[in-house]
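Next up: some structures, all given as structure tokens.
First chain A sits with chain B, and in the next complex the same chain sits with chain C.
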Partner chain A sequence: MAPSRALAGLLAAGRRAPQAAGAGAHSSRFVLPRTYHSYDHPPPPGVFNAAEKAILSAAYAHVPEHGFTQHALSLGARDAGYLDISTSLLPAGPFSLIKYHLVTKREALAPKSAGIFGGPAAAQAQAVPVEAKVERLTWERLQENRDVIHRWQEALAIMAQPSLVPASLHELALLADEIYHLSGDKSVDPSWYTKRASLSTIYASAELFMTNDRSPGFGETQAFLQRRLKESSGVGAVLGNVAQWVSFTAAAGVNVLRSKGARI
Partner chain B sequence: MSSTRSLMRFMRRSGQLPVHDFLAPALFAPNRRCLSSTAQKGAAQAQDASANSNAQKPKRKPLTKEQREFLSSALRVNQAGELAATLIYTAQTPPMVNAHPHLRPLMRHMYEQEAGHLDTFNSLIAKHRVRPTALYPVWSVLATGLGWGTAVLGREAAMACTEAVETEIGTHYNEQIRALLEMFQQWEAEGYEVGDELRELVGTLRRIRDEELEHLDHAVEHDARKAEPHWLLTGVIRAGCRGAIWASERI
Partner chain C sequence: MAARPALRSAARALRPSFRSCSCPSARYAKPFSTSPLPQKPAPTPNNPDASSFSDKTTHFGFEDGLSEAEKTERVAGVFHSVAESYDRMNDLMSFGWHRIWKDHFVSSLNPGLSSHNPPTPQNILDVAGGTGDIAFRMLHHAHQLNRNPDVRVTISDINTSMLAVGKQRSLKLPASQQTALSFLPADATVLPAALAPNSFDLYTVAFGIRNFSNIPQALREAYRVLKPGGVFACLEFSKVGNPLLNAVYKRWSFSGIPMIGQLVAGDRDSYQYLVESIERFPSQDEFRDMIVDAGFVVGGEGYENLTGGVAAIHKGMKPLDAK
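The block that comes next holds the complex of A and B.
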């Protein structure tokens, strides 16, 4: 029953494919964080189409001055050679500007991580533990906020609007997943969830901390991030040890009973 | 080689595309026939053939959202299934071997194959960035309970459990393979090529399905049908498997 429905969906997808390419930009917002990532098929179309990208990238330059506002969007549209009214291309308004920031900075992580951990230091990078890579990449991503950090509280307020919360959380989940993927994490058990959930929480709180951080080079934010990551790995280690002890004791108990002749 | 390529380009520009499109399915038909053999060699030949046709059709189609979701749920449910199978055999082995020491090699053989399958899907899931099922702990507990429970009921009940599980899993893999082949067929009809990645996936699925069906044969050889009451045991376990597959595809 279920597989046949999946099959029907697949066939329908094939038929719809040509027109879906254009319309897919906004419908992909509420899908679950992760879907199959192919290495030898071209990637699916990006979140923004060409016109949206032109307006948003021009508008993004106005964010430090005018914030994540409709005004910045209109200025961007004008810079990109569109009419002011063309900002109606972006029905989500200022939120699309925020999303542009989130998406482009997330996508910039992959080349950056290749630069940090690849190249001649690749062999050395193999030895770097996953936790260290996670910390480095999270810090790199936080630093990307520095140009707009004085406007970021407004952005957080917009993202916290009830109708925008799912899309914002989706972006956060994608970021946590991207960081773990780039760090070479291979976990495929429930720790997949706990790792991403704790990194999402830590990242969000570090970002909030950063909006009030006046220290040079955001040194205090970095220290904050390191403390939080250390705490979470400490909790993870304790839970792991407890689980190991419980399973060992249970297995030993069963084996003792078996050695006494119990038929279990 | 380069002259044929420029010829193709010329043909495409000069508007003789329909002929080319019309020929495309015929070019690809032999590949499909090769693929329907289960042997690895057949798959390798098919890959060579598709590599040869690279020059004419360098285009691959991006996966649609539905196709990516199908592949994600397929890999996720397969990992969950192999996890459960590994745990069932782990839990069955001690009581079974205790009562019937001659079954030790068979149980070890089946366990080792399942552990191999689990490794395969674990690495595929990590590689393709698929989310593992959120019900992982639930399946672990249920599978261990099922394996241990049936093994305590006796050899026949344990074998009936294997029979029921492997029947469902075999059908399930067949449905996945069919869906993938239909996907390939559609791409080829549209003139796109299928990447090695997905061809290898189909090869892997075929190999694993055959091994699962081999376990089914072993179970039937070892008196699975003599379990009392056979219809109830297999009926309940098969319904449970279908429910688990349904849930793992989604959650």
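The block that comes next holds the complex of A and C.
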């Protein structure tokens, strides 16, 4: 967890504190955010408060028909019993709806993972290798896009707006971290970062692939995902071997010099 | 640091004559900490018979220990004297940037948007909106962009001079927009009983709330008149986060703005007050907490910074289960 804490510190420094949790809970309204996973502390309050959730969840039902738009939001607000103007409560308009999709689907991974692999991630960590779990969970997450995939290119266009890029990348990073965490990854070396970075890239490209995938059950996307993951683990193995060879040769070189009397 | 003596002498030069500050130490504790643009008029209590006029003290710029009634009177004086040159001064002081803030404020609220056909009517109250800057933008946005002719805006201001300016300007609007507009002289902390509870979709106040003699009271009034699900939106000067930008900004607001006020409007003291009142206004987080304390629900962080925090937009929604 050490590198993740360091990353958490960096992220926290760059961000403003807290999300409002809810109307009533005054004292615990603004709790410091925690960007790492903890086994010992209760999870931090959600990103959306009760009113936002009510509007967004109702609006989300309209996404397949109306896309991630202001129109879907205002239909949702109406369904939830709010006024048209209430949607201006949401800080980022349609992007809030996209974020709602990203956050809820990411949070749904943990219970799903427990269902697939049985019990907490630690319990059966040995049974299934981490790589297999990563692939399975990534695929599960991709399948969550099923209902909105025909609207997802619009969403990607919104997410690519310069002012929204940091928030979008942050969500992607959180997803990659979540998947590795649920897969029981315990690395505490620089590979903590490389693993998450490569999974982020693979996930994003698979998602893009999926928007044009017309095969039944998105089989093509699954094959695409498997190929990319295999490539990345292949590259990882090659890099590891090269690094091992370099360090062995360097150590041997130093020893040769020492045997010649060099004071190293 | 080398700039400090210069700053101090500038501060002395700026000291307006009317500030008979009883607590000079408070003034010098933070010599150059104020901000720039004076904008909108502020409603403050000025009907002397209102029962809310307690002995509670408030402040006027950097001057402490005034009763709320006194502040109301003084704010009224400030805005009576600036009403005529208000728009020209805003442009000069903010380099025209206040128009961008106001446009963004209105478009982020998206008044008039409706998922229904025909569109649902909306009732908007623009408080401290004397000169109509926000109200006219709302009408344009709702009527032209969102094609919703059933949006009505009530402009309320405590200051009749500012309202008169707004009325004059509204004559240039299309007739359909003029009929959707009404003017109401009122104190935002004691809105008249004619404004029924649960009657407005949107309550806006732009560059006005810092002049209110009792902000929590005004927030409670806003809560009262809004429908459940209605939105309170406030555009106001706030605290700049970046220290570098802050230094430039404070310098401009404490030395530049009163000077422009003197040269263009012939009224240094009023603009000195505007600058000081900005400095006294709570930070983004504090004001957000005040909004929450009044019963509103806020989304996300509860505010949006504009231009690095020179101004900020705060929004709150009256919850559906409100009594």
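Everything that follows uses one rule, which is that the second predicted complex is superposed on the first by the 214 of 264 C-alpha atoms of A that agree within 3 Å, B and C clash if a C-alpha of one lies under 4 Å from a C-alpha of the other, contacts with A are read in each partner's own complex, and residues count from 1 in each chain.
Going forward, a residue touches a chain if its C-beta (ideal position, glycine included) is under 8 Å from a C-beta of that chain, and two chains touch if they have at least 3 such contacts.
In this text, all values refer to a predicted model and were calculated from it rather than measured experimentally.
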Which superposed partner A:Gly240 touches (first chain B, second chain C, both, neither): neither
Partner chain(s) touched by A:Asn49 [first = chain B, second = chain C, both, neither]: second
Which of chain B and chain C A:Tyr36 touches, first, second, both or neither: first
Partner chain(s) touched by A:Pro129 [first = chain B, second = chain C, both, neither]: neither
Chain touching more of chain A, residue-wise (chain B, chain C): B
First (chain B), second (chain C), both or neither touched by A:Arg263: first
Chain C-contacting residues of chain A that also contact chain B: 16-17, 20
Complex contact set, residues of chain C against chain A: 108-111, 113-116, 120, 122, 201-202, 227, 229-231, 233, 292-293, 295-302, 304, 315-317, 319-320
Chain A residues touching chain B - in the complex, by the definition given at the top: 1-4, 6-7, 9-14, 16-17, 20, 24, 27-28, 31-45, 177, 181, 186-190, 192-193, 258, 263-264
Residue ranges of chain A touching chain C (in the complex, touch as defined): 16-20, 22-23, 26, 29, 49-52, 70-71, 74-75, 77-78, 81-93, 96
Residues of chain B that touch chain A when the two form their complex: 60-73, 75, 79, 94-95, 98-99, 122-123, 125-132, 134, 136-137, 148, 152, 172, 175-176, 178-179, 182-183, 186, 195-198, 242, 245-246, 249
